[in-house]
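The structure is given below, and queries will be raised subsequently.
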Amino acid sequence: MLVTTGANIVHDVIEAIGLPHLKGTEVVDDVKLYKNKINRIYDVFLPESYFSDLEEWLQGEVFPNLPQAVSIRELCSLIGERLEDPHSILKCAFDAEVPVFCPAVQDSIIGLQAWLYKQSNSFTIDALADMQELIDLCYEAKHAGAFFVGGGVPKNFILQSMLLTPKDFDYAIQLTMDRPETGGLSGATLDEARSWGKIGENAKSVAVYSDATITLPLIVAAAKDRSKRVPTS
Amino acid sequence: MLVTTGANIVHDVIEAIGLPHLKGTEVVDDVKLYKNKINRIYDVFLPESYFSDLEEWLQGEVFPNLPQAVSIRELCSLIGERLEDPHSILKCAFDAEVPVFCPAVQDSIIGLQAWLYKQSNSFTIDALADMQELIDLCYEAKHAGAFFVGGGVPKNFILQSMLLTPKDFDYAIQLTMDRPETGGLSGATLDEARSWGKIGENAKSVAVYSDATITLPLIVAAAKDRSKRVPTS
Amino acid sequence: MLVTTGANIVHDVIEAIGLPHLKGTEVVDDVKLYKNKINRIYDVFLPESYFSDLEEWLQGEVFPNLPQAVSIRELCSLIGERLEDPHSILKCAFDAEVPVFCPAVQDSIIGLQAWLYKQSNSFTIDALADMQELIDLCYEAKHAGAFFVGGGVPKNFILQSMLLTPKDFDYAIQLTMDRPETGGLSGATLDEARSWGKIGENAKSVAVYSDATITLPLIVAAAKDRSKRVPTS
Amino acid sequence: MLVTTGANIVHDVIEAIGLPHLKGTEVVDDVKLYKNKINRIYDVFLPESYFSDLEEWLQGEVFPNLPQAVSIRELCSLIGERLEDPHSILKCAFDAEVPVFCPAVQDSIIGLQAWLYKQSNSFTIDALADMQELIDLCYEAKHAGAFFVGGGVPKNFILQSMLLTPKDFDYAIQLTMDRPETGGLSGATLDEARSWGKIGENAKSVAVYSDATITLPLIVAAAKDRSKRVPTS
C-alpha cells in the first residue's frame, strides 16, 4: 500500500493530464512570478492556468462520476482509474491494485475541489472509512516493512497502523533531511518507534539523512538490479 | 482560529486529563523502554498506560456524547468543552470561542479511537465539513495574518484557505527548523507563498530558522509586554 | 580565553575602525551586487571599499609596528591594543587580558594581508607558538568549562587542548544549527567528546540546536541577571 | 591542489599506517566507550591506542627527518612521501604531485604532535609560507574550478585564494548538509561568492544539499565513466 500527501496526488494528476512541471530556480522575485501567473515550488514553476485545467477535469470528469460517499482510498483509486499516463503514480497504483491512502486529502487542491463540488452536490468523504481496510492489510500481512520517503502525516499514519494489531514492522527504511532535535516525528529516529512497539525489537531499520531525490533512485536501481540476479524461487 | 496536528491534540488531552509528560533523554535504549512500557518522543517519556487511560476517557465520556456525524472542528470543540485543565489548548480555545481545525485527525490516537468507536456505533467524521466555516472566516476577516509554528499539514491548510477568497494574508511569521532545499512546503520560504498569491505583494513576512520552543515564548513575552504598554484605543 | 575564526576577527576590526556592516537581504542578484561593489554575507552587505580601508590600516598602522615573529595570540592582542571601539571583541579581550586564539588566521583577509606585508618585509607567524600558552592555561585551571558558539576549527581546538593535560572539561555548552548525522565535529554531540576524555565523565553538558544569534543573547542576559542576584562571596 | 582539514590528514595517516577505523554506532554510552578506551566519531570507533601508535610513528620516523622550518604544504608532502598505502590521500597526492594545503593543521593531533616535537627540538611551521605557492597556482591556471566537499576552513581558503588575483573561478560545485540561514560560510550559497568576485559572473555553479558520502562517489563514478567515453584529444 502507499500512504501519501495531498500535494503528491495533485501534482501527479497535473502531470498525468498533460500539464508538465517546469524547471525554474529558487532565486527569483516571487511578486514578479505572481504577476506573471507562475506558481513556485522551490525551483519548480507551474503556470496558474494548470489549476483551472485541473478544476475543469475534476469537476467535469471525475466528481460527477463518483459515488455520493467515498473513502479517501476509493477517491484515489477512482482518480487513478481515469488517468492514462503510464508514469502516473495513481494510475500505476490502480493498475497494480495497490491501495493509496491520503489521510489529509482536504489539505490539497483536490480537497478544495471536492469541497467546491460538495457545494452544489451531495458528496462526503468519510475521514474514518479507510481505517478498517488499512488495519486489515496490516493484520493479514505475513511480513511488514515500511519505506518512508520524507516524513509528515504519511510517516505517522504508516507507523500507527500497527498499533491496533499485535504485530510490528519487520524492517523500516527512512530517507529524510529532517532532524531529530526538533522533537517532531518527521525527523525522529526509527529507534524511537521501537519504544512504541511500532517497529519490532529485532527489526532492521536504517535512516538515511540525505536528499531523497538522490537516494530513492539509487535504492530503486539497486533493488531492480538485485531482483534480476537473485532467483526468487 | 487554530490549525493543528492530531498529535498536538492527543498530547494536550493527555496532559489535561491528569497524565503528565515526563522529561527523559534521547540517548536511550528504545527496546529497553519498550519492555518497560515507556513510549518516547525525542526526550519526552510517556508510560504506555496513558493511552489506556485516554481510551477509557474517550470511549466512556466523549464519543458516546457526540452527535452521530461531526466535523473535525466540532470534535475539537466538544473535547475542549469536557476538559477542565486551564492550561489545555483545547479548553482555552473552547472558552475563547476560537475554532480549532485538525485536517489529519485520523492520523493520531484520537483518530484511531474514533475508528474503534465507529466499529460498534454509528459515527462519521466528514473530512470536508470544516471547509465552509474556514473559508467564511477568511472571507470575513478585515485583516488576516498567519503565524506558523513548524510546518506540515497545518502550514499548507492555513495558506490554501486563502486560495478560494479574493484576499491574501497581510502578514506572516514562521518559526521552523525545516529547510527550503528539500523542496517541501514545511521549509519553504514565505516568499514562495507570494508567487501563489497566498501572501500579499505588500505583506510583511519573516521566517525564523530556529527552535520554536525557544522563539515562541520570546515572541509571546514580547507581545504581552507590548500589549501592556501600547494603548489599543 | 577565546578561540575564534579569522572571519570573526576581520569583521570585528572592520566595525571597530568605523566601517559598519549593513543590513541587506539574502534574496538578491549577486552579480548585480558585484557590479555595485557590494560583498554579501547571507543578509549582511559590505561595500568592497571596506577592504581597501582595512588594508590601509593594517599595512600602515599595524604590521609595521609588530615584532618580526609573532604568535597568532600575540597578533590578536596587538591588534586589540590598537582599537578604540569599546564594542570590539579584540579591544575588550585586550583590556580584560583575555588571550584570543585564532588557529586558522591565514584563512582570512587578515591572513592575506599578513602575507602581503611579508612580501616586502621580514615577518613570520609561527603556527605552533600558541600551543604552550594554551596548554598552560588548561593545566593551571582549577575548573574548566567550554562554551561553543557554532562549531568549526574553534570547537575542536578548544576540545583538543585538554588532550595534553590529565584534566577534562567540567561543563560544556554548545549553541549550533549543525547536525550530528553528517559525522563532522561541528554538529557532533558533546557526549561524543566524552568518549575521548575531553569532557569529563561527570561533567554537565548541553547542546542547544537553535540559532545562536537568538540563544546567545538569552544566555548572556540570564547570566548577567543571575550574577546580580547571587552573592559571589 | 587539495585543501583539507587537520582531521582528514590525521585519519588518513592512521589508516595508512595500518590502523583501520571501525564501524560502530552513534547510539552508545560514551562514558562506557571512554572506560574501554574507544574514541567515537559519530558511528566510527577508534581504539585510543591508535594515537600512541601514531605518536610513535610521527616522533620516531617523521619529525626527526624534517627540515627545521617547513610550510604546511611541505609537511603534508613529506608525510605523504613516507606512506606506502596506495589508498592514502596524502600518498596519492605526493605521487601525483598534487600540493596539499591544510591551513589549520595545528587544530589536529598532527598539530599537537608537532608542538610536542618542538618542545625538545628546533622546529617551526610558518603559517604564511604556503600563500605564495597557492597564489601562484591560482595566477597560472588557465581555467580554475572549485569542488567543495563540506565547508569549514577549506571552503573559505579555496575561495579567498582568488581574491589576490585578477581571476575568478570558472565553475564550482559544493556538496554539503550545511544550510545558508545561519549566515556562516559553510552553508552559504555559491551565488554569495559571486558578490565577492570569487566566482565569476558567468561561471557555472551548483550546490547539492545532501550527504557527501553518497553524492561524492556518484560524481566520481560519473566522471570516470565519462572520461572513458569522451576523447580528450
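Per-chain numbering from 1; labels A, B, C and D assigned in written order.
The definition used in the following text is that a contact is a pair of C-beta atoms (placed from the backbone, for glycine too) under 8 Å apart; a residue touches a chain by one contact, two chains touch by 3 or more.
From a predicted model like this one, the values you see are computed outputs, not experimental measurements.
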**Request:** Between A-C and B-C, flag the pair that has more C-beta pairs in contact.
**Result:** B-C
**Farthest-lying chain, centroid of Cα atoms versus that of chain D** = B
**Request:** With chain centres taken as the means of their Cα atoms, state the distance from chain C to chain D in Å.
**Result:** 21
**Message:** Counting only Cα atoms for the centres, state how far chain A is from chain C in Å.
**Reply:** 46
**Complete:** For the pair chain B and chain C, the C-alpha centroid-to-centroid distance in angstrom is 41
**Residues of chain A touching at least two other chains** = 27, 177, 179, 181-182, 191, 209, 211
**Asked** In their complex, what parts of chain D are in touch with chain C?
**Response** 6-7, 26, 30-31, 33-34, 38-44, 72, 103-109, 111-112, 114-116, 118, 123-132, 150, 152-153, 156-157, 160, 163-164, 177-186, 188, 191-197, 201, 211-213
**Message:** Can you tell me which positions in chain B touch chain C when the two form their complex?
**Reply:** 27, 177, 191, 208-211, 214-215, 218
**chain C partner contacts - residues on chain A that touch it in the complex** = 27, 29, 179, 181-182, 209
